[in-house]
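Two complexes follow with subunit A in common, the first pairing it with subunit B and the second with subunit C.
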Partner chain A sequence: MKPAARLVVTLVAALALLPGVVAVILHMPSFGDHALPYGDAINRLAPVERHVTNMVTAVNFDYRGFDTLGEEYMLLAAVTGALVLLRGRRGENVSDAPAKADGRSIAPRSPAVMLICRFFAPVLLLFGVYVVLHAQLTPGGGFQGGVIIGSGALLLYLGESYRTWRRFMRSLIFDMIEATGALIFVLAGFGPMMAGAKFLENTLPLGQSRALISGGLILVTNAGTALAVAGGFVLLLLEFLEETRALDAGDKS
Partner chain B sequence: MTALLVLAFLLAAATGTGVVLTRHPRRQVVALAINGLALALLFMALQAPDVAYSELAVGTAALPLMFLGLLVSIATDRPEK
Partner chain C sequence: MTVLPWAVAAWLLGIGLYGIITSRHYLHLIGCLTVLQSSTYVLLLSAGYRWGAGAPIFYDHPPGTPAVDPVVQALVLTDIVVGATVSALLLALALQVHKRRGTLDPEELRPLRR
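Moving on to the complex of A and B:
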């Protein structure tokens, strides 16, 4: 198709869609207005029913926990798919040893980068754990904390060399961490059923509001999510960075 | 709408336009990360700290990294001129 014809088609399509766009814009609620009663109901009920102070966590890991279960398995499927694709292309059983690529060496890190990463990586990992543990109290939770922990692992890679990083980032360990997280979430769903309650029903003791251990089943589902997200993120990092196949300074390039 | 919100919205729009106008893939990744940071600030100003966390972790760290890894992987076969 010629550029001119393409432009004509684009303009016709835009003109056809314009009335719909205008109608939607005219009927939008005003800024900051929330017409639905659900948010207010959660704000009113969750602190009393679940002893939590972060309503987002109450919705994610309890009231709509079933949706989060689906999301977690979507993540598991996505990570598994990426791993199968990348590892499958390289061949099975080669993922344990970092690959070599001639002529692909990268510049060695400067001492400043190493120093900054060695300082900030543990701090970031600690902060990730903090975000995970305070899911029911302050903003954050398993998803965010898991990704922050994964970012800490990335800083470790930046600070150390690829080969050193691969020595303590074992694929099998993170396979197990991710699978354990997914399993914990499912068990948190079926556990209450063993006791005669409904799937994912919050039957655990709720504890004192504003305490680190509070919210009952939310603690379990949140921990499962954190493990699955952190494990999955590190696995993706492992496979993606293996694609870059950076050599160490001492290696023959 | 406060001045802070207006500023955050404008920043998000400006950095988003920057992503579109950047043509070099590697620079575009950096532009994308900056846009993620602007969006995180916007969500923070809109009192949605949970979403801001997610945007910060995924939009400015995870996603750009995946793109960078991908660009390096592509460069295996076709070295950049």
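Moving on to the complex of A and C:
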């Protein structure tokens, strides 16, 4: 189909659907002023049943933990797919020289960039760990903290060089971190079954509410998610940055 | 005012779809897909909102304080992170397509017109 014809078909379809869309929008419940039965039930029950203060974490890693297990494996599958597409025949023993565009040299980093990156990389790592560890108490959790840790790793490339990044970021380590994270979540599901409980049932001691160690199994599933997300994001960055490496003899992209 | 969030969600879905349909470049298409996806975030978060309520975190406030719906927030949270990795997967696909075929225009990438 030609682009112009496609646009005409789209416009006709949009015009046909428009009255329905308008009717649905006009009949939606009034914004900010309607019953939230499930949310209210969680807000009422989770502090008592699970001794956590962050309801979003309680939903993600306990009440809807099975759903999060699926999400985590979607993440694992997407990262694996991207890695399979990008990695090719490359191994760890290839050169770590950055590629050069024709006739252009690699500009040296300014000391200001290096200083800021050296200062912020540990701070960002620490902040990520803080966000992960306080998942059950304050806003945050394994997903957010994992992404923060993964992005913090990128400062190593930004502030130092491609060579330093390559030297420290060995993909095998992050393969293992990601796989361990995914495995922890599954084992957290099967663990309670060994004790005769249901899959992912929160059978661990719940601890004191508002304490760092509280929430029982939520701590385990949260840690697994944090590892999987942080490992996955670093792996993605690693493989995309490999595209900036100079090609070796016999390299196949 | 009360229909505005739903209208915004529908609008984001619409312009995302329009962008995908008229796209002449795969990177642009992936960007449009992200816009389309963000309409679900607006829809879900609006559905869980409540006037005058706080965040569903009862660390400083005692349980029982009016709070918005944590269920939809949890859905959006996982969706954003997984969406980012799916975008990365699509970008990796685009990269390989560009290496093989030298173009990212969907019109030129038709298998029959090699």
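Odds and ends about this structure:
Please note the rule applied: the second predicted complex is superposed on the first by the 214 of 253 C-alpha atoms of A that agree within 3 Å, B and C clash if a C-alpha of one lies under 4 Å from a C-alpha of the other, contacts with A are read in each partner's own complex, and residues count from 1 in each chain.
Note that in this section a contact is a pair of C-beta atoms (placed from the backbone, for glycine too) under 8 Å apart; a residue touches a chain by one contact, two chains touch by 3 or more.
None of the values given here were measured: they were computed from a predicted structure.
For the composite obtained by overlaying on subunit A, subunit B and subunit C can both be accommodated side by side without a clash. In the superposition on chain A, the chain among subunit B and subunit C reaching more residues of subunit A is C.
Residue contacts after overlaying the shared chain place A:31 against subunit B and subunit C alike. Once chain A of one complex is fitted onto chain A of the other, the partner contacts of A:154 are limited to subunit B, with no touch recorded for subunit C. Of the two partner chains placed by the overlay, subunit B and subunit C both lie in contact with A:143.
Of the two partner chains placed around the shared chain by superposition, subunit B and subunit C are both touched by A:236. Touch criterion met: A:75 reaches subunit C, while subunit B stays clear of it.
With subunit A as the corner point and C-alpha centres for all three chains, the angle toward subunit B and subunit C works out to 40 degrees, nearest 10. Legend: residue contacts after superposition of the two complexes on their common chain; A:56 is shown touching both subunit B and subunit C.
Using the contact criterion defined above for the overlaid structures, shared-chain residue A:48 touches subunit C, although it does not reach subunit B.
Taking every C-alpha of subunit B against every C-alpha of subunit C after the fit on chain A, the minimum distance is 5 Å.
Overlap of the subunit B and subunit C interfaces on subunit A: residues 31-32, 54, 56, 139, 141, 143-144, 147, 233, 236, 240, 243. Against subunit B, the residues of subunit A that register as touching in their complex are 31-32, 54, 56-57, 101, 104, 131, 139-141, 143-144, 147-148, 150-151, 154, 233, 236-237, 240-241, 243-244. Those residues of subunit B whose C-beta lies close enough to touch subunit A in the complex are 1, 49-50, 52-54, 57-58, 61-62, 65-66, 69-70, 72-73, 76.
The touching residues of subunit A, counted against subunit C in their complex, run 3, 6-7, 10, 14, 21, 24-26, 28-33, 36, 38-40, 42-44, 47-48, 53-56, 58-60, 64, 67-68, 71, 74-75, 78-79, 81-82, 85-86, 137-139, 141, 143-144, 146-147, 210, 229, 232-233, 236, 239-240, 243, 253. Taken together, the subunit C residues at the contact with subunit A in this complex read 1-7, 10, 14, 17-18, 21-22, 24, 46-51, 55-59, 63-64, 67-74, 77-82, 84-86, 88-89, 91-93, 95-96, 99, 107.
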